[in-house]
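Handing you this structure, nothing more for now.
Chain naming follows the written order as A, B and C, and within any one chain the residues start at number 1.
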Amino acid sequence: MSNLLDLLVAGLATGAIYALVAVGFTLLWQTSQTINFAQGEFVMLPAFLMLAVMHAGAPFWLAIILGILLSLLLLGLGFKLLLVDPMLRHGVLPLAIATMALAIGMKEAVKQFFSAEASPFPSIVPAGDVSILGRVISLQSLGVLALAIAVVIGLTLLLNRTSIGHQMQATAQNPTVARIIGVPVERMILLTFLINAFLVALASLLITPIYLAKFSSGEVLGQAAFIAAIVGGFNQVRGAIAGGLLIGVVDNLAAAYVSTQYRAAVPMVLLIVIILFRPQGLLGRPEERTV
Amino acid sequence: MTINGKYWRIALGIAVIAALIIVPMNFNRYGLYILSQWAVMTIAAMGLNLTLGYAGQVSLAQGAFVGIGAYTAAIMTTQGLPLIAALGVAIVLCFAIGWILGYPALRVQHHYLAFVTLAFSTLAFLVFRNEDWLTKGIYGISGIPRPNVLGFATNRPLPFYYFCLGSLAIVSLAMWWLIRSPWGRAFVALRENPVRALSLGIDTRRYTLMAFAIGSALGGVAGTLYAPLTQYIDPVPFNLSLSLDLLMMVIVGGSGFFFGPFLGAMIAVLLPEWLRFTQGYYLMLYAVAVMLLLIYSPTGILGILDRYLAERRTKAASALRAVAKSRLETAP
Amino acid sequence: MTAVLEVTNVKKSFGGIKAVDGISFDVQEGEILGLIGPNGCGKSTLFNCILGQLAPTDGEVKVDGKVVTGLRPSELNRLGVSRTFQLLQVFPKLSVRENLILAGQEHQGNMMSRLFGPSDAGLSAAADQMIGFFKLDHLATEAAGGLSYGQQKLLDAAMAFMGGPRLVLLDEPAGGVNLTMLGDLKERLAAINREKRATFVVIEHNMEFVMSLCTRVMVMAEGKLLAMGTPAEVRANPAVIEAYLGH
């Protein structure tokens, strides 16, 4: 029983990170029909940007700030202007394929310019354990969970309580109508790309201390985020959050209770079942079908 | 002009086929290996082109079927069974699994379908890796023999390349005939407008399942050639990235064009080799090249050609119309 | 005379909205029934219910006395029920001839004979005849997507006739078609009706077209049957004038 609690906390912590990545993923899908197959690599890269800044002699806090700014520039603005904008009008598939190529390019670039080996990455949460209700729980798990939850709450508030958030939601639901009622649709779409870049940078900051910085670490993360987004509901931010937490917990429980070999199969089976029986996701609303 | 164009096309086809037969004769072992790999990947991409390009059903599982075919061939031929038997088993197996994988396509489309097939791909990889009793797990299966074809041993690289090329030729002919049959027309109808297709009596369910099953079976065929080509297989080549690579080949070459997979596989297999002189940068350059191509022409390489031809045709047609109009106007 | 189509108390609701609210009618062999009514009165929904594109909430549809409710559109089509669409629904990348062959190929043989038989399923001659009948001769090898709107409408109608249907449901065949072509279309439809004893149900807003082509006219309003009769009777019906023609 006590073991279960540990698993749940660890699962929620990873799940919260998945949720950050999944939320960005669904935002891109909603506002601009972009299925970003490089989303995992988007999480991989910021850690290396921060490491690069630190190698240049900057302190950790400065590296974090510059890393996030660089992410906004490259993964937000650059991604939108250079890849998404020219390809968007040609439909979903070519763009999705282009992001696959982007993923290869990013992995190779990091391997070539940085290192093929895993590098350690400092944690923003101090190491150590705390004792809660007589249980020893790692401070890192708690810190990650707390930070991720704070970001998720902040984002939800931004989307639901501010006028910018409402404009973004209007853009996501129906760009044509949004434009007519005076929403600056273009700016809102750019904003979602920047938010995605911010979220992946943050996820990078939180997850890299646990799994180390490696050029290939995005593959697993990207898949987890896809699954989280689909399981929760592709067209709902809160769905992606729920999906992320669920996949994190399921992943950790599967590692403990299912054979290690087939651990990775559990989220996949969950994905197939959800898609077949509730394609709109657990919290999503059905997408209208045209006859 | 059309007759002339037809002759040119036949001449070009014969020249390419002759080149594929003659030029590699003095290639070294590695060059022949790469060319054989191109032929094998072209077969797999042709299968996916049927499912995706013609019938419009996204699949991220083609790599898994190549894996199933490769393991079938590896397991059976190392037990002393002939490759042709393995080929039969692989085709039936992949056809059946592909048929089942098509069922989700009857319920969900587009990105949902992509993710179901993605999940299948991952599950297949886990089976390859974990079922040691069958696949020898991460240690892989080595010593896969190359077949005797019509009494000729294909142990050496050149005969085996011809074997792959011959298989590619047979598959190409079968595919050419399939897409020109009423089935091919029904597949296109399924892609372009399933609702209208249904109202014309086309059983879209059965054709969807068929598109998946046949496409997957061709993945299996490619796999049965892949195993004797490398003579050693382990799970790694058949992970999700093979499925993504095959999808990229289809799109880059030109999805829904007969020759798309040939070009796509050429870019995916040969371009990285040509870029090898750039050392560690070659995959990066490859990725950039793919992105630039897709930005320039989202319908792939053959999309460029198609657009050019369409433009010429419209110009010719409007010229014709202008002539007709001027005649009308000058008529009393 | 026998009823080709019998519709009994068909209902269809979306959420709380009753789009079709208990419609019953028969269509006799060789008849051309016009179906008119203001926009949003449920005409197209009724079509979709009859054709199996939508499952009716309640009610029954019979074709030649056989219950067909619940059949898929493709099965219904092979029983001889065919349709055209309100919005253009041709296959733009296929040629005109290929569109027509496609429209006929599933009506003969089986999957295997279609795979191993000739590439045109033996339908080139029939397709060319249809092309001639609808005066599309000079366009036979053009891609359907390159045709003008009116030509595509003609092709759409021609496709509906390829399988030699007993019953054809036409959804606004005249919408957006210019006057010359409209006359052509009407004359072609009347000819097929005469020669092949094909039965039609036609949704149309063009009153002149409906009143001159149809033998009987049915008027729908707000999901219900408002009136049914000969064109002259319907035109004189005060309720119809009030609900529809009056506007």
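Going forward, a residue touches a chain if its C-beta (ideal position, glycine included) is under 8 Å from a C-beta of that chain, and two chains touch if they have at least 3 such contacts.
Just so it is clear, the model here is predicted, and its values are computed rather than measured.
**Student:** Average the CA atoms of each chain to get its centre, and name the chain whose centre is farthest from that of chain C.
**Tutor:** Following the centroid criterion, the farthest chain would be A.
**Student:** Can you identify the chain nearest the overall CA centroid, using each chain's own CA centroid?
**Tutor:** Of all chains shown, the one whose C-alpha centroid lies nearest the global centroid is B.
**Student:** Could you work out how far the Cα centre of chain B sits from that of chain C, in whole Å?
**Tutor:** It comes to 40 Å between the two C-alpha centres.
**Student:** With chain centres defined as C-alpha means, what is the inter-centre distance between chain A and chain C in Å?
**Tutor:** 50
**Student:** Could you tell me the distance, in whole angstrom, between the mean C-alpha positions of chain A and chain B?
**Tutor:** 33
**Student:** Could you tell me which residues belong to chain B and also touch two or more other chains?
**Tutor:** Residues 195 of chain B each touch two or more of the other chains.
**Student:** For chain A, what residues touch not just one other chain but two or more?
**Tutor:** 291
**Student:** Do you know which chain C residues sit against two or more other chains?
**Tutor:** Where chain C meets two or more other chains at a single residue, that happens at 53.
**Student:** Considering only the defined contacts, which chain B positions touch chain C in the complex?
**Tutor:** 178, 180-183, 185-186, 188-189, 192-193, 195-204, 206
**Student:** Would you pull the chain C residues touching chain B in the complex into a rising list?
**Tutor:** Those in contact with chain B are residues 51, 53, 72-74, 77-78, 82-83, 85, 89-94, 98, 101-103, 105-107, 111, 114-117, 119, 121, 159, 162-163.
**Student:** Across the complex, what residues on chain B touch chain A?
**Tutor:** Touch list, chain B to chain A: 58, 104, 107-108, 110-112, 114-116, 118-120, 122-123, 126, 129-130, 195, 240, 244, 247-248, 251-252, 255, 280-281, 283-284, 286-288, 290-291, 294-295, 298-299.
**Student:** Residue numbers of chain A touching chain B in their complex, please.
**Tutor:** Answer in residue numbers: 29, 35, 37, 83, 86-87, 90-98, 100-102, 104-105, 108-109, 111-112, 219, 223, 226-227, 230, 234, 261-262, 264-265, 268-269, 271-272, 275-276, 279, 291.
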